[in-house]
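Chain nomenclature is as follows: A, B, C, D, E and F, assigned in order of appearance, with residue numbering initiated at 1 for each chain independently.
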Amino acid sequence: MCLGVPAEVLETRKEGELVILKVKMGGVVKEVISGIPDLKPGEYVIVHAGVAISRIDEKELKEILNVWEELGSLY
Amino acid sequence: MCLGVPAEVLETRKEGELVILKVKMGGVVKEVISGIPDLKPGEYVIVHAGVAISRIDEKELKEILNVWEELGSLY
Amino acid sequence: MVIGRYITTVHGSGGFETLEIIEKLIVHRVPENLRKVLDGVGLDVLDDGSSMRIGNTHIVISTDNFTVKPLFFPGGDIGHLAVSGVLNDLVMMGARPIAFMDGIIVEEGFPRDDLDRILESMIKLLKENNVALIGGDFKVMPKKSLDGLIISGTGIGLAEKPIIDKIKPGDKIIVTGPIAEHGATILAAQLGMLEQAQGLRSDTRPLVKTVLPILEKYRDHIHAARDPTRGGLSIVLNEWVRGTKYTIVINRSTIPIRDEVRQFLDALGIDPLGVAGEGLAILSVDNEVADEIVEELHRRGEPYATIIGEVIVPEEEYLAGRVIAITEVGGKVVVQPNALNLPRIC
Amino acid sequence: MVIGRYITTVHGSGGFETLEIIEKLIVHRVPENLRKVLDGVGLDVLDDGSSMRIGNTHIVISTDNFTVKPLFFPGGDIGHLAVSGVLNDLVMMGARPIAFMDGIIVEEGFPRDDLDRILESMIKLLKENNVALIGGDFKVMPKKSLDGLIISGTGIGLAEKPIIDKIKPGDKIIVTGPIAEHGATILAAQLGMLEQAQGLRSDTRPLVKTVLPILEKYRDHIHAARDPTRGGLSIVLNEWVRGTKYTIVINRSTIPIRDEVRQFLDALGIDPLGVAGEGLAILSVDNEVADEIVEELHRRGEPYATIIGEVIVPEEEYLAGRVIAITEVGGKVVVQPNALNLPRIC
Amino acid sequence: MSIEKKIKELYEKNSISKDIITKITGKAHVLKKKGYDTIKIMNFCGTHEWTITHYGIRSLMPDNIELIAGPGCPVCITPGHYVDLLIDLSMEGYTILSYGDSYKLPGTRLRGIRSLFDARIHGGDTRIVYSFLDAILIARRNPSRKHVFFAVGFETTMPSTAVPLYNKVVPENLLILSAYRLTPPIMKYLLEEKPEAVIHGVIAPGHVSAVIGSNSWKFLPEKYNIPTVVAGFEPIDVLLAIYYILDMMDKNEPKLINEYTRVVKPEGNVFAKKVMSKVYEVRDAYWRGIGVVPKSGGYHSRDYLKHDLYYNLGIEDKPIKDILPGCKCPEVTLGISKPTDCPLFMKTCTPSNPYGPCMVSSEGTCRIWAENLPLKIKT
Amino acid sequence: MSIEKKIKELYEKNSISKDIITKITGKAHVLKKKGYDTIKIMNFCGTHEWTITHYGIRSLMPDNIELIAGPGCPVCITPGHYVDLLIDLSMEGYTILSYGDSYKLPGTRLRGIRSLFDARIHGGDTRIVYSFLDAILIARRNPSRKHVFFAVGFETTMPSTAVPLYNKVVPENLLILSAYRLTPPIMKYLLEEKPEAVIHGVIAPGHVSAVIGSNSWKFLPEKYNIPTVVAGFEPIDVLLAIYYILDMMDKNEPKLINEYTRVVKPEGNVFAKKVMSKVYEVRDAYWRGIGVVPKSGGYHSRDYLKHDLYYNLGIEDKPIKDILPGCKCPEVTLGISKPTDCPLFMKTCTPSNPYGPCMVSSEGTCRIWAENLPLKIKT
């Protein structure tokens, strides 16, 4: 379950203690709830059901691309 | 002011002390409030704004028809 | 008229306000050369339908939307009305209807049985009049964004030469049947006054079998034909005479209207001349054949057809372009094109 | 399918449910001989439009209702959409649009300025495409009985020989532009996700100038043409193949779709193949001219035109009448004609 | 002959009106010779005015007879601040129920939402009802919503709310804005305060009289020497009334004649009068465009205050300036000016887009003139 | 290379999947030789199932690999009596807010109004929202109306209500029906209670793990010797997971591999976990078609009861029989049967007119199979 899509954080704002993010997902910009502390504009997150549930880790992302690359070509 | 139209009383019913009449006005049947005591089906009334405000007096009706007849022909 | 910042029911009444909004917001914007095509008529005349010519054949097309409430009423339903209305517009153009296209829009949650009844009555009427159903559209709108169901209808007919309304002095005005039947019935239903059928009944029906043959037979003598739907008789006559040098004079006491209808409208203080019928036509015809046409109409199944007036060239200039009625007591009044009537108690 | 006691949005989705309701409640009731007229096509084929023949001229007519919300959206408005939609249906029939008739229904209290903008955009588009506005209808519905405004549109076009959709084995399937642009934009607007224009934009536009000339030029090689509106690409292909002995095989990764649109629909879990476009066509054309047609489309101003698949005679019987997609990873899936997609989080 | 047939005959008898017109013409001629160059006959009931114009009776009158309309349209004289208040309430979620007549009546504001009709366009729940009974049914069906009935009218209309209130069948969520006004007081006011209004005869209101009795008009001949006829509403009734007035003038015997005996009794509707006097009490009241007229308004008496709108809102019924700039309704309403004297008539003020109150109701003199230009033409 | 470009590359890299498939085929061949005639790999997340079917991955698998779907669709296992309750509330004037997924979910009744979608047709105010934030905004705009949010989901979805509740931004008129269910307990339940479900490997849910951490799945290899891969949702992620599983089987070294390190940490989202544990407490809970599973439901803890629907209504959350007659969802959900084993599949139960719960959500196995028949064809 649990469709999650990558999104770029454009802005953050607070409503009381709640952190609301403006994120860009494909062709749209949407406000979502932050489920992660200390996000900054420019970071990428996984958004599920209107909540950012996880950061996308740039280093690991590069890593997996390499793994794929290898697996795809090694044979 | 005060458009009033002739209508035939079809039925009477009471809601508490209020007397409600079912009357026939041209092609329609409509419930109206009775503003006259002791109306009976078959009587004719003048209805204004959903209230029967006056009986039509059959004798006088005949009378005026005669007056008109005379005035129309006498000349 | 100033249209104002918001559209109101007055603008949709079918009266001059509707004509004005169409002229100001639509016709006005369309360049002259794009108001008609192929030798036909279109926005240049605003008649019952539009036309175009292919070889010697005139194709007549008419499109209309139907939004009547209630959807079912004594004498018909919205499907019956849509077919009748569209076919009658073609007939009024002197065209023989051959095809129909429907657009059905229903509100989510609309009862399937009701839809069934409406479609059945639509298609039954098409079959009876030998008109093909060649296409259409079906849409569902979300709950609460539409009250029930509406229908758009487009009709296609063929005519050797369409009737483009243009009254002539000397013409007689013929009404083919009793007026105000449909509008009075709908009004009564809307006011909750139809608990028992008591003689009010919509006259909705196509005039293909009774009136069309006569329009075809007397084609050259018929100068104008229109079905007095929204806005009723007074709008039709006013539209015809507006901008001409003529006056239409009608004898009000000769207009066919049933007692039940007149008395009901009297009770609401509404003038029957402004109330819609959906099963009759108003014709403006050559004086010489007027009586003959009336007789033919009687024979064909329109027993109430009557001459109600004529087109004259008035002596007084200020009467030009107006409709005058001789009243029941011999008085004279101007018949105004007011289409929106609210019931009144005063 | 059981239609059920109430009509739902599924029935109006443009998918097979819509076809079924039309067939069961309408087509079924109309006698064969009244499903078309004058040597044309009508309810017998359910193509983009209907036709009739007068002499050597085929007259093509199409009618549609437009109920889109919001009325104004990035890339167009309901007036723009109504004209584009109707003209495109004519174009898909291989007909050159010559005339348009509109039916405007507004809710009482509708802002006049908005009406003005909608009519302006409608008429502007007609002018640009040299199509006459020859008639119409204007109605006002009482407050709260209609949400805003809807438009019915009827278009008339002429064709030497209309395109009646009938795919042939060996045909190549061409998509003339990126898919799902309109539907994605409307969905985003309805979900309140359009606060900033971020690359979503309806593609609503007539194909009169870019696609029609090619349909005319390659008339005999074009076996089917349709605009993938309600229900999108998957409905078009399924309708074409349904009931035949062929299979349509598409290569999903070749289908033109913009990143912004794909990513947005991914975020909602909605398959782009079922989402409407309003400025593109799907064609089924002879293999020999397929590349030439794509090149011509590029030259005429449809730079994204692409061959996305072909019509084959399948070896396995159970694949007949189906659409098969080769996926981005080389897998094979059936493309189902599901038209109603709800956004999902799972 | 059944009574139904007789009623139908009433309508058909209109055809013999021509003979009566000939008689009127004769009498007018006689009076002209006696020096009556202009004979002003005032009708006092919008429905009489409607009969006159709808049947083109003015076009049939001899030159020296002028038929003028008095303050007989209750909509025209209903204070504008009532409308303002109802508009505001509709925007706050109240359902407003009104007769068709007052639905398009403009309040005092010149911009924005001007009438109950406008209010509906902007989302207010304002509706036309045919009767107070319908209002009761609507309010019962929606118990959680507050409803206000706009009670506009003269004595004829007062029983419509008085009888149900008296019989205690009005639901709690149905309030009434009483705009009732009384007719004999305004007639007295006109004669006392507006000497510029010359009146030779009065056609007294038939249905008002059905309620209050024809005797209520005795003061006209007795105190002011004005020949007065209580008349019905067929054109022939009106023509006969005109004839009777001319005849009384000719004989110089001003009297009260009841031509409408088939409906009107000298004492009126005793039951309705009793109920009205329980439910309503008479106080000085403001008439739009005219001013405060002594003892001319019907206000809910103490026992019925729980249904009174003003009482419920805890605010005061306080008129504000409601004569619209440029509108000549005050003069038109009192029969001093004709609509055609108003520069706005059929220019910025039309039946489909009324500016002044007299253009709103189909009884308003301006509206009536707009729809039925009085013609004197040959055809 | 920017992160955005890398994400795009993820998508485009799918094209190199063919090479991975070749590797998988090789491994499967090796395993076949080792006696593995059927290798059952269970995915546990509806989105994985969606990836598999949408991309036709089954059509690419060697004969001895069977990809089966586990109880990964939260809609399918949401108790039917919740839907019944919400339908009834919508008819009483509550506004019901739901994700698109659960909008067509049928309750337990076989006639009349069966889903929130049906309720709307019959006048209930039931709406689809994209997120709980939208629900908050809607409730704020309509302060006089009561709203209920239908909180269906696994651990991934719990932060959507937990975070706003914890931060006290939820308006009073917004109640929550918590249908949250937890995934490790159901996995344990399946392995303990349903021995008929043979599983060689597990593709563990990526986004659940993003919240609860990949470590949560250690028990699978450690206690049950099942090779387990936490995977992302591109087809290539899934293919890689399959390859890793086969490889572990080949080496006979069952481990937990995290393929989705770009999103999933061993410890998960610590902040979200903290908030969830404050707002929700874990109790035994009913799963539709399966039964009561120990410690598998998220219920509002004491401090948050004022937003709890059941608490507010003062009634008990008591399951009733919600397996629809003839529907094989229980077996399908646990991976024991295939949709094609159900006699109603694509007959009386279709995506546009779903009968059983697994046909409703686009994650429901039946729905997925209906829309994408797994093909093995040559073209």
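Before moving on, here are some points about what is shown:
The rule is simple: a contact is a pair of C-beta atoms (placed from the backbone, for glycine too) under 8 Å apart; a residue touches a chain by one contact, two chains touch by 3 or more.
According to UniProt, the chain labels map to these proteins: A, B = Hydrogenase assembly chaperone hypC/hupF; C, D = Hydrogenase expression/formation protein HypE; E, F = Hydrogenase formation HypD protein.
None of the values given here were measured: they were computed from a predicted structure.
The chains that touch both chain C and chain F are D. No other pair of chains shares as many C-beta contacts as C-D. One copy, chain C, sits rotated relative to the other, chain D; on C-alpha atoms the angle is 180 degrees to the nearest 5. Put simply, the chain farthest from chain B by mean CA position is A. Inter-chain centre distance (chain E to chain F, centres taken as mean C-alpha positions): 72 Å.
Chain A and chain B, compared by their mean Cα positions, are separated by 79 Å. Chain D and chain F have centres, each the mean of its CA atoms, that are 35 Å apart.
For chain E, residues that reach two or more other chains under the stated contact definition are 17, 46-47, 73-74, 99, 121-122, 130-131, 134, 153, 157, 236, 363.
Among all residues of chain B, those that touch two or more other chains are 1-3, 30, 48-50. Residue positions 4, 6, 8, 108-109, 193, 259, 269, 344-346 of chain C each touch two or more of the other chains. Of all possible chain pairs, the ones that touch are A-D, A-F, B-C, B-E, C-D, C-E, C-F, D-E, D-F. By the touch criterion given at the top, residues 1, 3-4, 6-7, 9-10, 13, 16-17, 19-20, 22-23, 45-47, 72-74, 99, 130-134, 153-154, 156-157, 159-160, 163-164, 166-169, 205-208, 210-211, 232-233, 236, 240, 243, 259, 261-264, 269, 271-272, 275, 363 of chain F touch chain A in their complex.
For chain B in complex with chain C, the residues that touch the partner chain are 1-3, 5, 7, 24-30, 47-50.
Chain contact summary for the complex, chain D toward chain F: residues 1-2, 4, 6, 8, 10, 15, 17, 191-193, 247, 249, 253, 259, 268-269, 271, 312, 314-316, 319, 324-334, 336, 338, 340, 342-346.
Residues 108-109, 143 of chain C are the ones that touch chain F when the two sit in their complex. Residues of chain E that touch chain C in their complex: 8, 14-15, 17-18, 21, 46-47, 50, 53-60, 73-75, 99-101, 103-104, 117, 121-122, 128, 130-131, 134, 153, 157, 235-236, 239, 350-353, 361-363, 370-379.
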